[in-house]
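Several structures are given next for inspection.
Two complexes come next, and they have one chain in common, chain A, joined by chain B in the first and chain C in the second.
Presenting the complex of A and B:
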């Protein structure tokens, strides 16, 4: 009994030894810089919590935070809406079509965010094909401002976020027994009733999961708002970059980075209270 | 001139620049320090140790080739036993601070601007210019300060579409602010230097009353035009916005307006009138190890021949007025340092920015956001 325990312990010890290099590397390359960021946020320019105090006193910081949360929330809403439709269609399609659709969803993943942002500028700009067509058909007199403003930022971000929503929702929908919908129909429910009362409630965990994921990722956007916002949409990631690179208020920059991190961890914690995160992401 | 650069871009550039090549140790150390790698990592490099090499840091792109030809090659010709290399990764203030703080100073001479030199010099990030060796009589008095000496002139100029308004073109910033007379999208840079001055000039403030800048008045002016404008953060993006017809008038660097005019066969042009001229400058990080070579190099770079050459290759205006005499009338038309052009412009207020740049930048960003 005792020796079995010892064996067990030494086996665990061996496993730990194998994992140790990876852990050390993670500690060195991840946690040390992270600790440095947290430390800077309470020591620069002088020790104390005055950087965090700015969250409550600086209208500039508050405005950037509110803009970030607002844009992330709107992005999440539209990404879920579009993603739900695509995931639903994928769920219902034949295996062959499903595969094509999956490729279609994944393809944009391979294109850099920078390239996609410039592509939107070219497509939606005042001289772009869309505006040229609108003007040529007489639908509008003047080109519509679709980029270099908040609309542009939202279009760019929703485009990037839809695949995340689709994949998460699709994983969730695949686990739902379609027989349930058929049963509801056979019991006299209309198509809409069967969807609303049977299918939709079953996808709520997927919606919560996809929504949290998209929201968290949206909070940290940098390139898209910087290019598509025309310099007028300031989200927190760019705000941090300005503090680190230009104004050299590293205390303020690191404080905002830490705040963002805590907010994200908070979102994940809240998510884990509601649903089984591991199952949701297919682990 | 400062570009905000994404950390990922820096790493990307770092990878591209080291892949398959042997780099002089100090350049490599500089790149490593700049992206925050521990100096121990630098020991893994195959590069050779070379303490005598002068490391000149600029903003990359065509500036590497141009400065090599106009300044580094003549320097090496004059001092054949010395070595010098250009590192184009950009001496942003955050990177200078990181390097000076860590006491691993791999750079010797940096290409920035006078107001930044005046701003960060007193904070202990720079070495003062050694005017016992550097010949300050080669530049205008406003271009030689304790922490930096001018290396070229650049200007922020009113750039416009020549065909959009039936032969009529904007002459000054008041025209740019007049959206009825000149309808169309405007472009500005999302930085205080230049935009604040333009807003005040549009509001009728004469050159000699611009500084100290009345922030409220300037920002109110920019807010007035905000709905009709984009504010670019990357200079190349601003140039692009003109080229693809997205914007029709606004503020652009002369070094960008000139290629824009050539690329579009004159669809776009610029005026020196009410331009804002700035001195780019050499500055030296605190603790630089280049010694005498630093000042010798700066002296060579101030020679009129190389100065004139760099205008032809890169559009950088000679800071040495003597260079104007080496250029013909055609070239002097695009030369911000030519006396007739220089006189039309407002010399940027470096002393004001040295004290107020940080707050002005934040206030401008806040005023434009939301």
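Presenting the complex of A and C:
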């Protein structure tokens, strides 16, 4: 018994030795810069919380924050809506079709966000195929501004976010017994009633999980708003970059980065309070 | 038996367009009857039930409930209660909401739903559990909720697909009793699927035996056991000694059959086949002096005697077979048997059926 215990302990020791280098790397490359950011946010240009005070006093900071939250929220809404439809269709499809659809959903991950943003600019621009078609069909008199504004940012971001929503929702939906919907029907529920009273409530954890994930990722978007917004839509990440690269206001930049991080952690904490995160992602 | 509630008319079902999961099905279920579909796994029981429930459409044929042709009526319009093997309780609802579900989708008033749910809970002896989530109940309790949910909207017909399959033996026997009791009390027609022959025998008014998509025989349990009309049924229900032979003459519902070893046996004629298999139940065989009074009697040698408590099971060498089985009750004064000993065996023509293939 005793020797078994000691063996166990030494095995734990060996385990830690193997993990240690990785942990050190992580600490060095992740926590040290992070600590630096936090430190800078309360020391630059002089020690104190005056950088955080800007959250309440600076209209340009507030505007960037409001824009960020608004765009993230709208993106989340549309990504969930489209993602739900795709995930639902995937679940109902045959195994073969499901596999094809999954590849289709994953494909965009292999194309850089930069490329996709330029593609949208080309597609949605005033000279682009979409506007040309709209004008040619007489649906509009002159080209519609679909890009270099908030609409363009939203289109680009929803496009990037839908796969995340699909994958999260699909994982959740696959865990739902199809027999439940069949049972609801046999008990007298119409298709719609069975969906609304049985299926939809069971996907709420998936919706919350996907929604949080998409919202968090959307908060930190940089490339897409910068390119598709045409400089008119300033979200936090770009605002931070401007402070650090152009105006050299490190204190303000790091304060916003820290605020963003705290907001994200807050979202995750709230999520963990409502649902079992591990189960949601099928762990 | 009163007029039929359910009629399957020449129903055929093929999922893939090639093999038939169910074929040439003609079956009637009487009003108020407890009918069991019995058969090995893959024999088409669930397919038959799901066509009646409306989850699957027959490839050919028609299904009637009462005077209505329901072949193409959607599931939710059929008003048939269904209990699933895995219970299929809604995890997002409480027990009370689960049971109230069929009433709610029928837009019944809240107060009426509440009183019906309370009564349904009492019926399955789950008083006071209305506010639990299904996951917080034991398997047996979940099954009761599923039964209550299928009965609460007072359907004329309730379908149960291996509802007790996941329960342990003791609970199963208790639930069998309770289901049977509910059936009698409510007078509702039940169609029950199982692959357990004992369950089928104890619960049913009639049993329909399926094999490979085909309905082989429908009869009351006793009749099915005593008078199987195919080799499949004789083998599937209980135990039978099978003796292959050829019919030599037929007279008055009986026939003389010459076995492959040359012996002649008088049996009850079933069908018109020349090549037959005689089926004799092990407990219908008389031993020793009692055998001499039977029309069929032969010498045999004891190979093995197994003591099963309430009965004895004897393996004999007889009629060229090495595993001829005889069973008899462990009653006072039964014959003392030793392996290697010689003994006379015999049976009546009524207890021996000449079955075609």
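The rule we apply is simple: the second predicted complex is superposed on the first by the 275 of 283 C-alpha atoms of A that agree within 3 Å, B and C clash if a C-alpha of one lies under 4 Å from a C-alpha of the other, contacts with A are read in each partner's own complex, and residues count from 1 in each chain.
To be clear about the criterion, contacts are C-beta pairs under 8 Å (C-beta built on N, C-alpha and C of every residue); 3 or more make two chains touch, one makes a residue touch a chain.
Here the structure is a predicted model, which is why all the values come from computation and not from measurement.
When both complexes are overlaid on chain A, chain B and chain C end up sitting side by side without clashing. In the superposition on chain A, A:121 contacts chain B only, with no contact to chain C. Contacts of A:245 after superposition on the shared chain: chain B is touched, whereas chain C is not.
Rounded in steps of 10, the angle chain B-chain A-chain C defined by Cα centres in the superposition reads 160°. By the touch criterion stated above, A:232 is placed in contact with chain B alone, chain C being left untouched.
In the superposition on chain A, contact of A:183 is made with chain C only, not with chain B. In the superposed pair of complexes, A:198 makes contact with chain C only, with no contact to chain B. Set against each other, chain B and chain C touch different numbers of residues in chain A, with B touching more. Fitting both structures onto chain A leaves chain B and chain C with a minimum C-alpha separation of 43 Å. Remark: chain A residues 177, 179-180, 182-190, 193, 197-198, 201-202 touch chain C in the complex. Those residues of chain A whose C-beta lies close enough to touch chain B in the complex are 33, 59-60, 63-64, 67, 121-122, 125-127, 148, 222-223, 226-227, 230-234, 241-242, 244-249.
Across the complex, chain A is touched by residues 53-55, 74-76, 78-82, 84, 86, 88, 90-92, 101-102, 104-106, 149-150, 153 of chain C. The touching residues of chain B, counted against chain A in their complex, run 2, 4-6, 36, 92-94, 97, 185, 188, 190, 226, 229-234, 237, 244-246, 358, 361-362, 365-366, 368-370.
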